[in-house]
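Chain nomenclature is as follows: A, B, C and D, assigned in order of appearance, with residue numbering initiated at 1 for each chain independently.
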Amino acid sequence: MNVAFLGLGAIGLPMARHVASHFTLTTWNRTQSKATAFAQQHGARAAATPREAVQGADVVITCLPTSKEVEGLLDGADGLLAGLKDGATLVDCTSGDPTTSQRIAARLASSTQRFIDAPVSGGVSGAEQGTLTIMCGGEEADLTRVRPVLETFGKKIVLCGAVGAGHAVKAVNQALLGVHLYAASEGLAALVKAGVSPTLALEVINASSGRCNATENLIPQRVLTRAFPRTFRLALLEKDLGIAAAFARTQGVSAPVLQLTTELYRAARRELGEEADHVEIAKVIERTSGTEIRG
Amino acid sequence: MNVAFLGLGAIGLPMARHVASHFTLTTWNRTQSKATAFAQQHGARAAATPREAVQGADVVITCLPTSKEVEGLLDGADGLLAGLKDGATLVDCTSGDPTTSQRIAARLASSTQRFIDAPVSGGVSGAEQGTLTIMCGGEEADLTRVRPVLETFGKKIVLCGAVGAGHAVKAVNQALLGVHLYAASEGLAALVKAGVSPTLALEVINASSGRCNATENLIPQRVLTRAFPRTFRLALLEKDLGIAAAFARTQGVSAPVLQLTTELYRAARRELGEEADHVEIAKVIERTSGTEIRG
Amino acid sequence: MNVAFLGLGAIGLPMARHVASHFTLTTWNRTQSKATAFAQQHGARAAATPREAVQGADVVITCLPTSKEVEGLLDGADGLLAGLKDGATLVDCTSGDPTTSQRIAARLASSTQRFIDAPVSGGVSGAEQGTLTIMCGGEEADLTRVRPVLETFGKKIVLCGAVGAGHAVKAVNQALLGVHLYAASEGLAALVKAGVSPTLALEVINASSGRCNATENLIPQRVLTRAFPRTFRLALLEKDLGIAAAFARTQGVSAPVLQLTTELYRAARRELGEEADHVEIAKVIERTSGTEIRG
Amino acid sequence: MNVAFLGLGAIGLPMARHVASHFTLTTWNRTQSKATAFAQQHGARAAATPREAVQGADVVITCLPTSKEVEGLLDGADGLLAGLKDGATLVDCTSGDPTTSQRIAARLASSTQRFIDAPVSGGVSGAEQGTLTIMCGGEEADLTRVRPVLETFGKKIVLCGAVGAGHAVKAVNQALLGVHLYAASEGLAALVKAGVSPTLALEVINASSGRCNATENLIPQRVLTRAFPRTFRLALLEKDLGIAAAFARTQGVSAPVLQLTTELYRAARRELGEEADHVEIAKVIERTSGTEIRG
């Protein structure tokens, strides 16, 4: 199978590396030098335009910041649709939104071209180790066909439902992460102000019913240490919360906790800026509490 | 050491059993027949009043629904304080509130009598297996003295800080559980309405960054199955959220997510009644969404 | 000027009556019998289709439940666009959403056809008395041209800004009303439970800084009396809150109070049904409080 | 009647002036110089201690920042209770909390001494003009006795219920004001960002159903003008919101809008400081929105 990979960002690049070691790969990236360097290093071909990248490809993978960028690649003389061959499958690994994905799929559905949304979870290290979780939306037959490509970088590949389902599940996952980080920061800020060691508090919580990924990993490693490494931007988590909140509204679900948390991240994004890491949300609670959650 | 155990509820009874197999035990319970039956079965003594129960005890353990009930045992001719000997330590395993505990401790501090708040986590099964997590507030020397008693039913025993710290940490843990259950129910309700299988969604989330104890254990075992076993009352979780919210306010921490969630559980408690299990909170979101999270 | 009026609902009908007494009017309504009856009674003409209704009209007024219905009239062989003449102005009095209005305006802008969004405030009685407030979005020159028509039913006509501005201001107004009703109900429920007469409480509040239209008019006349007349559906207020909330999100404004209130009305709409009046929101707070705000 | 007035703050001082022109008055103030200056100017007597101030007084009026300060005056050799004569009535005009007032009343009730909570509304200008609204909690007979004194500074005097009812109604009034200011700022920030003039938006809203005291007076006069005069501290409004929120919790009322707004003001108080005016809450929304609501 010939594969095209569009979007060599922090997550996309190591994913593409795994694909390159098993399949004939053409890459494209907005900053073209990155695609050229990648091609030289990993025995791939670098294309100058989306159209050129997808020509001849059986599987086209996109991995971009938002669905808007994916939709932005489709049209025009140099666009993805101008080059996509019959029978090709477009696999969108972006953390996108279900509605846009359904719109993109509808544009392809008139032909034999297929669409799968396939956002990933596991971060840069999961991408590097090829152990990502991939949540898919689309038809089973289409997933079966592209599965060998996804298996080069994914360990757990789950078909969640029709087109959009992968993006919806991903958005809900992210929204829960956002809620967990916020609520844990609130609780820990109060404990710290009362003189309780957050290290001890987390030790207990993590052996109890209130534990979550945020209390077990993110907060001890990044907040208590004050390291706050920049691995996943708060701006992107805010976008994901927004997708989940919009999804809940579209489905007619009253979701006060998700909606409120989304508002709080929106304000935080403005306060902390576009480059802040998602775990820096703790700093907003620290500021309004006048304390520091330091281990 | 002589031990007294006051409060043989769903959690207290199996805890008392573990104590009885290692120490000389006197028990008291509001419904006296329960204490008498326990005494006969486990070689303990049943007392008619709190005062009688604690006479001669080196360690007095209370395990009641709320701090209010604990404070209610202290006074009067038959009260706990009338019988407590010098040098005794009162260990309150109730999921109580920090402020009341500090008030109780202050009443004991004038003598050689000591107080430790020591709420537990792990549920009925943890109590039965003697593997509870115990989060303590008080002086290290006091904990050292009573530790052998706590070790009969606890596996992880952590001194979190001064008197009240145990109750504060427990309340925060419970509040996080409450937030996690609510937010996960919101997200899952939207996914179900969009046609996504909640079983698949949880499989993915639990392999991703949004996982928590609620998504890994409670929701798959109790909501998806529609089993909703009654192991821990929603009314008590609502009380715990209220304690955490009040604690945050006392510490001057702006905690919108905790406070909002507390309000939502308050309304849910009225809707579902005093006997509903805490996981039944999902039913409130199901009702306002017009769907069912069924696996 | 020839005028067309599409949508003879509870508000639209009395508005159309005022237009008919000053201008040559053609009406259209989804249930055609209503248009026919109106035409006979008020000396107007009834059209069978939107296209027929707007043919020859200088000013076309639409007054429908939501922007979606307005957009739904545009296309097709019998659609509004098929009949709209050059130089005509489409005045949308629907409580619509800014984004859809901008989309509609963009479809007209290629020709000499013009668009003004012009939602009204004042309810059925304001429409009957011709004293509505009309909040407009569009170009000043266009408003000047249609103003004589609007003056037949409006007393205060304000150009708020470009296309969409009228709908945005209306949505914010409605959202504030929704917030006021909810917050006042919360406060009054607590006062009632404490034994305070809500009549006296409102008497004081309305002489103080917390007064608003809801405390001065709606709650005394409709809640305290238990009359709850059905004048404006809660389902429509929920829709308006949703428009305001979406508008705030689009503008990048973190609006936790508006967003939370929107979620609460969404749940209430499901609970109370499509026919409930907006003031019945008080019943939701009464139910979760176990009390009644009765004067 | 002999009257004592304790607390010559921004509101208390003009109130005391009205009392002095009709009754024999003794005043006390924490900063004694203020009482001395007042006494000289207005023909009153200045006392050195609360005990001395209330000796011989038939009516004792307190007007302090919070109930805590009132309770703090009661005890000790120089305390209010040491001087209060039999048959005296303590009228607390503080914006206090119902629970503390009930506790104070309980300490008086053993004798013939009576308590009325009587917080006021109308601000500094209402106090100066003697047109305050006074919301009372207590017994009708007691109010009848002190009414002549209250009438010197109050225009509308309402007995809302038993002791604490006045403070509860006042707190709810203030909480509504707080909600109104917050929600209006959210909506206006979005409108401003969309290019709508806030002056026009308010003109329309104030002729429509979403109007309130905040949109009619405070925001046009203080926000649009950027004047932000400091007449009532945000810290005190945050305290009032906290009283209302606690009152709702005590009454078992789920009040998500009040509780969330309280949290938002708590964070704002930390951000804006103790001296900020309550209307400056708009600046918090402006900051998180990146805009200015300027008329």
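Rule of thumb we're sticking to: a contact is a pair of C-beta atoms (placed from the backbone, for glycine too) under 8 Å apart; a residue touches a chain by one contact, two chains touch by 3 or more.
Values in this document were obtained by computation on a predicted structure and should not be read as measured data.
The interface holding more C-beta pairs in contact, when A-C is weighed against A-B, is A-B. In this assembly, A is the chain whose CA centroid lies farthest from the centroid of chain D.
Centre-to-centre, using mean CA coordinates, chain B is 51 Å away from chain C. Between chain A and chain C, the centres computed from C-alpha atoms are 40 Å apart.
If you average the Cα atoms of chain A and of chain B, the two centres end up 38 Å apart. Residues of chain C in contact with at least two other chains: 252, 254-256, 260, 264, 266-267, 270, 288-290. Note for the complex: chain C touches chain D at residues 98, 121-123, 133, 135, 156, 158-162, 164-165, 168-169, 172-177, 179-180, 182-184, 186-191, 193-197, 200-201, 203-205, 207-213, 215, 244, 247-248, 251-258, 260-261, 264, 285, 288-291. Of all residues in chain D, only 242, 249, 252, 254-256, 259-260, 262-264, 266-267, 270 touch chain B in the complex they form. Put simply, chain A touches chain D in their complex at residues 256, 260, 266-267, 270-271, 287-290.
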